[in-house]
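Common to both upcoming complexes is subunit A, partnered first by subunit B, then by subunit C.
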Partner chain A sequence: MVAVPIGSLIGAVILSSIILLATGHDPLATWQRLLERGFFSEGALSATLVQATPLLLTGLAAAAAFRMQTWNIGAEGQLYLGAVGASGIAIALQSQSAALVIPAMVLAGLVTGAAWAAIPGALRAFFRTNEIITSLMLNYVGGLLITYLIFDSHSYWRELSTFTSRVFPQGKYLSPSAAWPSLQIAGIGVPFGFFIGMFAAAGLWMLYRSTRFGFEARVIGDSRSAAHYAGIRTRRKIVAVMALSGAFAGLGGASEIGDFRHVLDPRGLQQASFGYGGIVVAALARLNPFAVIVVALLLGGLSNGGFSLQGADFPAGLVGTLQGLILFCALAGELLVHYKIRLGRPAGVSHKPADAARVGAA
Partner chain B sequence: MIPIDPESVTAGPVPAVTMRGITKRFPGVVANEQVDFEALEGEIHALLGENGAGKSTLSNILTGLYRPDEGEILVRGNPVAFHSPRDAIEAGIGMVHQHFRLAASFTVAENLVLGHRDAADRGFLLEPRVIQGRVAELARRYRMPVDPGARVWQLSVGEQQRVEILKALYRGARILILDEPTSLLTPQESKNLFETLRLMVAEGRTVIFISHKLEEVMAVSTRVTVLRQGKLIGTVLTKETNPRQLARMMVGRDVVFTQKKEAVAQTERDVVLDLRGVTALSDLGTLALQKVDLTVHAGEIVGIAGVAGNGQRELAEVITGMRRLTSGTVSIAGRAMRSGDPLAAIQQSVSHVPEDRMGTGVAPSLSIADNLVLKSYRRAPISPQGWLRAGRIRANAVDLMRRFNISAPGPQTPTRLLSGGNVQKVLLARELSSRPKVLVAASPTRGLDVAATDAVRALLLEAAARGVAILLISEDLDEILALADRIAVLYGGRIMGVVERQKAVVEELGLMMAGAA
Partner chain C sequence: MNNSLLVVIVASAIFYGTPLLFAALGELLAERSGVLNLGVEGMMLMGAVSGFWAVQTFGGPGWLSLLSGVAVAALVAAATSLIHAFLTITLRASQIVSGLALTIFAGATGLSSYIGHVANLSGKPAHHEFTAIDVMGLGDAPFIGPILFHQNALTYASWALVGLILLYLYRTRPGLHLRAVGESPATADAMGINVTAYRYIHTMLGGALAGVGGAFFSLAITPFWLDGMTSGAGWIAIALVIFAFWRPELALVGAYLFGAFSSLAFTLQARQVHLPPEVFSSLPYLMTIVVLVLVSSGWGRRRLGAPAALGVPYVREER
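What follows is the complex of A and B.
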């Protein structure tokens, strides 16, 4: 179980060291800097959590859906919609106290994310469309929607009170009561969204492990026809699981607004592409909610450390290359777990024991 | 071609193929261990054994699909080493697989020349008329009527099998291996097949006939070789043996199907399952069931006989709510059932052992324990207030595994790792422990070995004795004759007739199965 991740890590170190050497950098120093800025230096973990929080929530979104073999690739768009919902309600309630505004934002994020995900869910359940394609396409719709709200219209979300804001479009900044609290633990600022995410992970784990809902999802995920046979309402279930997945992603959007940005920022949200990052997180965590927390932290640190590597002597492209190599090796390791390498056998003959048992059966 | 040494062609039986000391290992399994096998020219040699006995592995070695780890193969006395199926074909060995390997959209003649080169080819151009003429000639000679110009998808299963045999003959097979050739045929079609095989061996060809059906082995073969757990048990002359001895060789103990149902006086019993004018469509939207009327009484087993694809699957599905009716009603104990709702069927105590046990009957990757609560998970005591009780799920599994004799490492073992017989026991354990009123069992013993078949049949009889109304859908006529009180024959989605077992005549049933009555 441990050999594969370690092997992947070694592979990643070797491959990136080759590239670093070829571009005239000292690999050891680079690695040291990456780890320090990501995890060990002053304030590193707080900055890492900024990246890890949305990854945690979108990672849970992906895990919730993938566990039932429902392929929600739309966490990206659901996160945008969550941000729209949370910022909208915060603007509407700007004169209210934090005790009212913050729960309302959380709820709005959950609901809008869930509703956005329910669209491909319902299409899948009732019209048998492929949810991979519809949820992916809705990401672009969501992206265009938030761009429209700020750049191409005089919407409720757009700041229009000053001259500069009318010329250079931007969203309304939220009142301080809409800023989510950050909890200081041993000098590290833990965003409120990260806390919610940890509870959500525990909830998801419980849901799949010991409820009727989770049992049904497991059966559907394993065999649709067995689920139909057992009298499980598979169509409702697909919509429900998609909505649940979207709710997690929408929460990620709400946290982006409440914890970090405090404004609906279409460019920043689209640049970060946390929704797609969440798919990687879920895959590396093998869809285990608790592992999602750990993997989100690691990938958050990697991307945070990457930001600080950038400089005059270290181009952003090289940072991206290093991050890409690390992810590549990690995912390759995950894939290779399912294969065994055998030497010295003729080709064209199956060696899998499962097949052997089958051929044995006359 | 292997050059034939004139010295070796002498009078009397000549070994067409000899396998000596064949061993084939797969990771974790020894599929064949030191197996000696010899088939003579001009004989039908049956290869008999339970599932997993190594029959298929041995024939795959003989057809060049696998290479043996040890041992040698001689064709007409000459050692051969096959590196691919093509080598085996060139040595005159042909195989008819259980699942046909034909291109459905091609004609019969095209299928015969597919992948085969001979003098009739002129580069890429095929000469359809020349080929069709030859095919027609072969078909006449072996009494296998088939239209060379017909496309394979238009043919019945029996006709497709003839095409497979013709294909092997066309490629010059002197030794023909047939893997469970009668499994999909009606009794009449089987008889015709046996005639063809006899014609072929009369010409000095060799037929190797793989089967686990004792009756047909007794009827058609010259000699029988029995394998058990990858080892050779022995080769006997058919006329010097009997089914009982073969069964003993096959399973290593005396097993005869002693299961036979006591007739129930059905007039005294209540009608539990009642179908009136049931009409339903197939997945393709064609009419699969047409105005089916059928009743099953408490404690009665009604057998549905027929060749696969005549509406059996749809019949099972309409009763268990998995398929919608287009007209008619299904009633359970006098109450009409909601059509197309599996949950309604479960709530009205209809149990179902589906044809596709792995995949539909169980969720393969889930544990045995989870599969045993696949239908009861939604109620107390398994999930009071929506929360699953892990302890009760486990206790339920331990109890059922003991009562139904399910052998597995433990309740948490993924169900897909079990043997076919144990999967079926998991299914039956779940379906029978829910105290059903009706049980629909579709091909409940297909693919199971003798011991598992016996166990499954015993469970069905036990359930009937407790008053369950059982609809047994099976392609195995012997099974239906052993278990059913009444037999209904399904053909083209219609019930051709219902007969009581005591009055049933196999030939008549066969005719009805072929739609001739």
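What follows is the complex of A and C.
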């Protein structure tokens, strides 16, 4: 079960070491510093959780959709919209108590993220429009939307009360009652969003394992025609699963606002690219929600280490390169296991190529 | 009259549409062989960064430097696509996941960004850039001058390429074989066509053309290098192949349509039309969705023109 993910990580580390060597960097020193910053130095784990929380939620978003072979690549945009919704409601309720504001923010993030994802979902269900491209296009639109709200409009989200904020646009900072609580466990600050994410993972696991909805979604994922003949309503299910997936990503956006940023910050949100990272998390976790938690922590550590070391001798771009390589290795490893390739022995194993096409996802 | 809005829009639509055309033609070749490559965005960015690097590094006269830039961009992007080819053709991995992985690996936060920072490319203007050529002194001819006779060398090359690909696909034997491989690899195999070789070659050709499209960004549109500078053009190119029903001549029309959407912001702002920049910037993305919906709900319902074996790995023992 864990051989492929671990093998993928090792493979990715070896391959990226070659890239590091080729560009004149010492791989061993780089990995040592990366691990230290990501996991072992003081305060590293708290900083890692800052990265792992959104990755957990976007990872769940990808896992929820990919399990049904519905390719929601739009977690990035859905996360932005969740941030818009959560910060909007928090500004509207700024004089209220935390007990009201925080649940409202969670709900707003879920709803706006789900609504943004329902667009490509509905287009897929009713017009058979390729959801990969439409959900991805909406990422760019979502990014432009949050930029517009803060930089090019006098929107509700933008701070306009002081002179400097009119010259240098920025969002309204939220009142303290909108700050999500974090739990201190052995000196590590665990964000509220991470807890919600763990519950969400358990919920997703239950949904796919022991509900009719989840069963039907799995049948659709495994064979769309079988689902059709069995009388499963595929159209509604596609919209529902896309909305569910978007709700997770939107929750990630709400957590970005409530847990960490406390302001709608278009540049910061777009630079982080948590939506695409979530795809890597889900694939490496083989779409298992509980594994998503572990993988999110691992990749969160790599991102944290990578971003905090970024500078002259630790060039930007290494984090994405590493994520891509992990995904390549996971794909290759999955197939090697599937075909039970054994070196040095004649191939007498039965091939099941019909499954091969979706191995990376299933 | 050459300054009239229509002429300016058409001329700049062609300019901004050229990288889309290169990338779409490349993706078209790959998909015609049955390989869907969602890594176009990543390959374009690899082309953008490596082409820019080559122009900054190799001396010589401007034309030679630019030529080497385009060649390096094509080679590097083709090498990038080789990863996808190996995973999907040889290992028969999911083409969707592999393509996404390619975009994450090579894209705005990946290897293209890494190379750009390691080689210290950001913030410097290109030593040479593609500029418009006044062809036969007709660059200021009424109406057609700016549109047809005042474009840069890569744009003219892209027109030649459309013709070449048309000839190749419909008038040559390898082109016929390519279409057979995309429609029914088992039949092609039975005819003695090497399916694997055809798929490898065309996936890599697709990568090379995406790389040239990427280099157009860093050597013609904005002659400097920036993280993620193609901003989704690779994805629009994938959508273009669908609108074009997998036909090169329609890819040309579609690319210029989207070129027009991309250039509208600059054209209209120069004419004192004031709207938030985000409205213009989101046009190409929104129009991609609109056109995809139209195509997929109407005549495209039967997936007119889509290669039958698109996205399906070929396994010889299977029937």
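One rule holds for everything that comes next: the second predicted complex is superposed on the first by the 278 of 362 C-alpha atoms of A that agree within 3 Å, B and C clash if a C-alpha of one lies under 4 Å from a C-alpha of the other, contacts with A are read in each partner's own complex, and residues count from 1 in each chain.
In this section, a contact is a pair of C-beta atoms (placed from the backbone, for glycine too) under 8 Å apart; a residue touches a chain by one contact, two chains touch by 3 or more.
What you are looking at is a predicted structure, and each value in this text was computed from that prediction instead of being measured.
More residues of subunit A are in touch with C than with the other of subunit B and subunit C. When the two complexes are overlaid on their common chain A, residue A:V319 makes contact with subunit C while staying clear of subunit B. In the overlay built on the shared chain, the residue A:T129 is in contact with subunit C alone; subunit B does not reach it. When the two structures are aligned on the shared chain, A:D222 is found in touch with subunit B, with no touch to subunit C. Of the two partner chains placed around the shared chain by superposition, subunit B is the only one that A:S210 touches, whereas subunit C remains out of contact.
Legend: residue contacts after superposition of the two complexes on their common chain; A:V239 is shown touching neither subunit B nor subunit C.
By the touch criterion defined above, A:A230 reaches subunit B but does not reach subunit C.
In the three-chain superposition model, subunit A touches both subunit B and subunit C at residues 351, 353, 356-357, 359-361. Within the complex formed with subunit A, the residues of subunit B that make contact are 26-29, 31, 49-57, 60, 65-67, 84, 179-180, 210, 212, 230, 320-322, 341-346, 352, 354, 356, 359-366, 370, 374-375, 377-378, 383, 386-388, 390, 420, 447.
On subunit A, the positions that touch subunit B within their shared complex are 209-216, 218-219, 222-223, 225-233, 346, 348-349, 351-353, 355-357, 359-362. By the touch criterion stated above, subunit C contacts subunit A in their complex at residues 38, 42, 83, 87, 91-94, 96-98, 100-118, 227, 231-232, 235-236, 238-239, 242, 276-279, 281-282, 285-286, 288-289, 292-293, 296-297, 301, 311-313, 315, 317-318.
Chain contact summary for the complex, subunit A toward subunit C: residues 19, 23-24, 71, 73, 123, 126-130, 132-134, 136-138, 140-141, 144-145, 147-148, 152-153, 273, 276, 279-280, 283, 315-321, 323-325, 327-328, 331-332, 334-335, 351, 353-354, 356-361.
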